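Shared chain: subunit A. Partners: subunit B in the first complex, subunit C in the second.
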Partner chain A sequence: MIYEMVVVTNMAIAILFALSLNVITGFCGQVSLGHAAFLGIGAYTSTLLTKSGLPLTAALVPAALMAGTVGFFVGLAALRVRHDFLAITTMGVGFLFVGIVRKQDALGGEIGIAGIPAPDFGRPGLLVLSIVCAVAFGAFTVMLKRSWAGFAFNAIADDEDTARLLGIDVPKFKLWAFVIGTAGAGLAGALYAHQIRYIGPDSFGFVESITVLAMVIVGGIGSIWGVVVAAALLSALPQWFQFVENYKLLLYGLLLFTTMRFAPGGLASIVDRFKNRSARGS
Partner chain B sequence: MSQRLSVQDIGVRFGGVQAVDGARFEVGDNELLGVIGPNGAGKTTLLRVITGVVTPSEGSVALDGADVTNWPTAKRIQNGLALAQQIVAPLRALTLIDNVALAVGHKHLMSPIKAALRFDRAPERERALDLLGQVGLSEVSDKWPEELPLGYLKRLEVARALALEPRLLLLDEPLAGLNQAEAHAMANLIASLPGPGLSVVLIEHNLGEVTRICPRLYVQNNGRPLAFGPTAEVMARADVRAAYLGAGK
Partner chain C sequence: MLALDLLIQGLVQGSIYALIALGLTLVYGLLRILHVAHAALFTLGGYLGVLVTNATGSFLLAILVAMVTVGVTGMAVYRFAYRPLLGRSPLVALIASIGLFIASEELFRIVFGAYGLSYVDPPLQQRVQLFGDISLSVARIMVVVLAVVLLTVLGWLSVATRTGVAWRASVSDPPIAQAFGIDIERVRYLNFFVGSALAGAAGVMVALLNNLVEPTMGAVPSYKALAIIVLGGLGSVRGTLVAALSLGIIEAFGTIYIGNYLDRDAIAFAFLIVVLMIRPHGLLARG
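Let's turn to the complex of A and B:
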């Protein structure tokens, strides 16, 4: 039973993490290759707080705020670049985070931080908390997508210059996407740290950024349900099959390549195509 | 006549090339001004200065008396400027009606927080349908841009620009790529647009249609202003004919 609880908790955290990147990359069209840094910021912030005696529930908001604040400044810097340059800039942010953490004794340096306090409410409580956070963030992104902000994000993702000509304050919307997305990643990081109960610089490296990007792309950039399904599956696979864990980067790289080559719209576009064909058939 | 747009001594330099040098003209309320010039005259650069995409090295741009030279594009749009682009740029992920509805609701998009709290699109879609009808596209309002030919997308550009409720509408070669009948119909539509509260600047190579519908012309050659005034007077000038048509030397 504990094993199943761990698997489902990890799934919920992965869904929350992938949905947070979906706001930046899916909704707003800004590719990020360093999203794991914000998972890390949330993880380290919450760990320092719970180690100083605060309950996990009280550490969630500061973790999200800290990640969102750093996300704001990264977003500010990222406003000046687009496309491949943005991808490289965000990748640099990921490396910068790992590099800084490695040199900070207060953050455990290379060794990381072990013995993170278990939440008072135990594993079942953490499972429920993770599901509640994932569902709440998912519901928030559904609302966001349906709102006029989602309409504007759509235009920015499609063609930034045309969006500007329609009076959309593109930098402001992009910044908001960064803040919301990175805050969501911070929240996921806090849950992750207290689920694994050990964090180190390598927990938030480039592989984790590529893993979450794979979840978004395989699910279908911008599709909420597609990303939820892809995140659930891709987070469970390494837990079900050990060889997937061993060949994670290879497998995810292959998945990314296959999706971009054969179905750039991901799972969501495959289902849409199938639905359209059925509708035409009937 | 109150000035809707005032372009004063604009200079733009790209590296060693002086793309625009001393451009100067005014557009009044309820006016349709034609901007012409041979290829490479710097018309599109001038247009980009007016929209805020290019910052001039000299001179100023004023909209309704307010100096907007250093304003970002979105702020100019929110303050009454609209542009229909030469190379059509529909939002491909949206249907025609949503392309226009987004522009109709541009005032909701000034703040991301306010935009995130607003969901209803029905009034904007209704207005978008009216505008699509105005340019003859109501029949295809639910189509995707990729399903339609260039002539339709040119009209979509105009409908989307009108949806911004502009006081100054800039049209960059709206007739380019259209056949003669389409160009004639589009020119008639453009001629019907100016009215109290709306002025139009038309940049166009189709000289026949421009001289037919524009009461006044601004001519630019090699980045420099050549002539500005009533169409008949401007077109009668030998230097304009020589520069633009290569005739009358």
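Let's turn to the complex of A and C:
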């Protein structure tokens, strides 16, 4: 049972993490290639707090706040740049985070921080907490998408200049997307750190940022349930491929490539296609 | 003397960056795709260089074979990976490209082993005495020379030949270029060939400098090259060159003077972020 619990907890954390990026990239159309940095900020913040004796539940909010605050400043910087310049700037933020952590002894430096205290409610409790957080954040993004803000995000994602002409306060909504998205990632980071109970600079690098972006794109940009399914699948994939250990990553890479090549709209578009076909058939 | 030493180190590293990033600029200029798999072509070049040199004993032949093979492979990547995705969000192509990159890294590992290959008898290892007590291997000098020559030729071709003019026209305004009778498809294939061939050459040279090719040798170029073309102002050949050299030099000095606070990559990206905050369209952006 422990194995299944670990897999499902990881899945829930991955879903939360992917949903958080979905607010920035999916809803608001702002690419981020450095989202793992905010997972890291949440992980380190919560770890420092629980190591000093605080319970995990009390460390969740500070972790999200810290990530959201840094996210606000990154968002401010992101207002200066667009499209691919933004993608590379956020990528730079990711490398900057890892580079700073590596050289900070207070954060464990190169070696990282081991022996993170286990939450006092045990594995089943952490599983429940992760699912609750993922569901709550998911519900929040559904609401967000249907609200006026969701409409504004959508307009900005479609065409920023037109959105501005329509009188939408583009910088304000972009900043909100960054703050909400990065705070969500911080929350995921706090859960992640106490699930794995070890964190180091390599846990939050470029590869992790790409992996979470892949979840959003494979799910179908902006589609909430598509992202949920993709995050669940892609996070569990390495475990399922265990039987072909040597070819695990090869398969993963090919899968990413073929999904994009043959279903560029992601999982959401595949389902839409089936829906349309059956609608026409009846 | 340290400063001069660092400057030379930086220039050598910058020349390698330039060779890799230049090909990427060519691709980006036309397709607006962040072509991460470019680094896989660079790795392929490295492997071909070592394999052909070890088999035939001729380094020159190895460079030629690597450039042509990698160039053709690049055209195939365009035909089978990117062309079908042209009308889509660039993010889709980016993820496809990342998938391709991960898969090819793994393929190199499975086919050639995780520990990599080396030159049996590495060429160009003689050392040349420069001013004072600074000496450099011929291979290092070759890297700089190769970068300068290839870039000059490319720069000249782009202003002095019809194909070059067609290329620049297609970069700045594809529909208008097409209206003037330029065969955009042909320009794209040509770009992938030339850009990939340059990456192949860079792979051979890096394999020589480290005397090692390994499956992960493309990991750093995969993102660093993207940073360089962005820093240079995306799609600008001159900008890419300036960005590559300045990044090489800043990394060389940075790791010595602020290496206690930031690692090499973080120094490079801190520089990138500062530049983009001041000039949001890169170092040498027009307008």
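Here are some notes:
The criterion applied here is as follows: the second predicted complex is superposed on the first by the 263 of 282 C-alpha atoms of A that agree within 3 Å, B and C clash if a C-alpha of one lies under 4 Å from a C-alpha of the other, contacts with A are read in each partner's own complex, and residues count from 1 in each chain.
Convention: contacts are C-beta pairs under 8 Å (C-beta built on N, C-alpha and C of every residue); 3 or more make two chains touch, one makes a residue touch a chain.
Quantities reported herein were computed from a predicted structural model and do not represent experimental measurements.
When both complexes are overlaid on chain A, the residue A:N246 reaches subunit C alone and has no touch with subunit B. Once the two complexes are overlaid on the shared chain, A:D161 sits against subunit B while remaining clear of subunit C. Of the two partner chains placed around the shared chain by superposition, neither subunit B nor subunit C is touched by A:A231. Once the two complexes are overlaid on the shared chain, A:W176 sits against subunit B while remaining clear of subunit C. Judged by the touch definition given at the top, the superposed model places A:A12 against neither subunit B nor subunit C.
Within the superposed three-chain arrangement, the count of touched residues of subunit A is higher for C, of the candidates subunit B and subunit C.
The residues of subunit B lying in touch with subunit A in their complex are 51, 53, 72-74, 77-78, 82-83, 85, 89-94, 98, 102-103, 105-113, 115-119, 121, 160, 164.
Subunit C meets subunit A in the complex at residues 32, 34, 81, 84-85, 88-96, 98-107, 110, 223, 226-227, 230, 234, 260-270, 272-273, 276-277, 280-282. Contact residues on subunit A toward subunit C in their complex (touch as defined above): 25, 31, 77, 80-85, 87-89, 91-93, 95-96, 98-100, 102-103, 206, 210, 213-214, 217-218, 221, 246-247, 249-250, 252-261, 264. On subunit A, the positions that touch subunit B within their shared complex are 143-144, 146-149, 151-152, 154-155, 157-159, 161-170, 172-173, 176.
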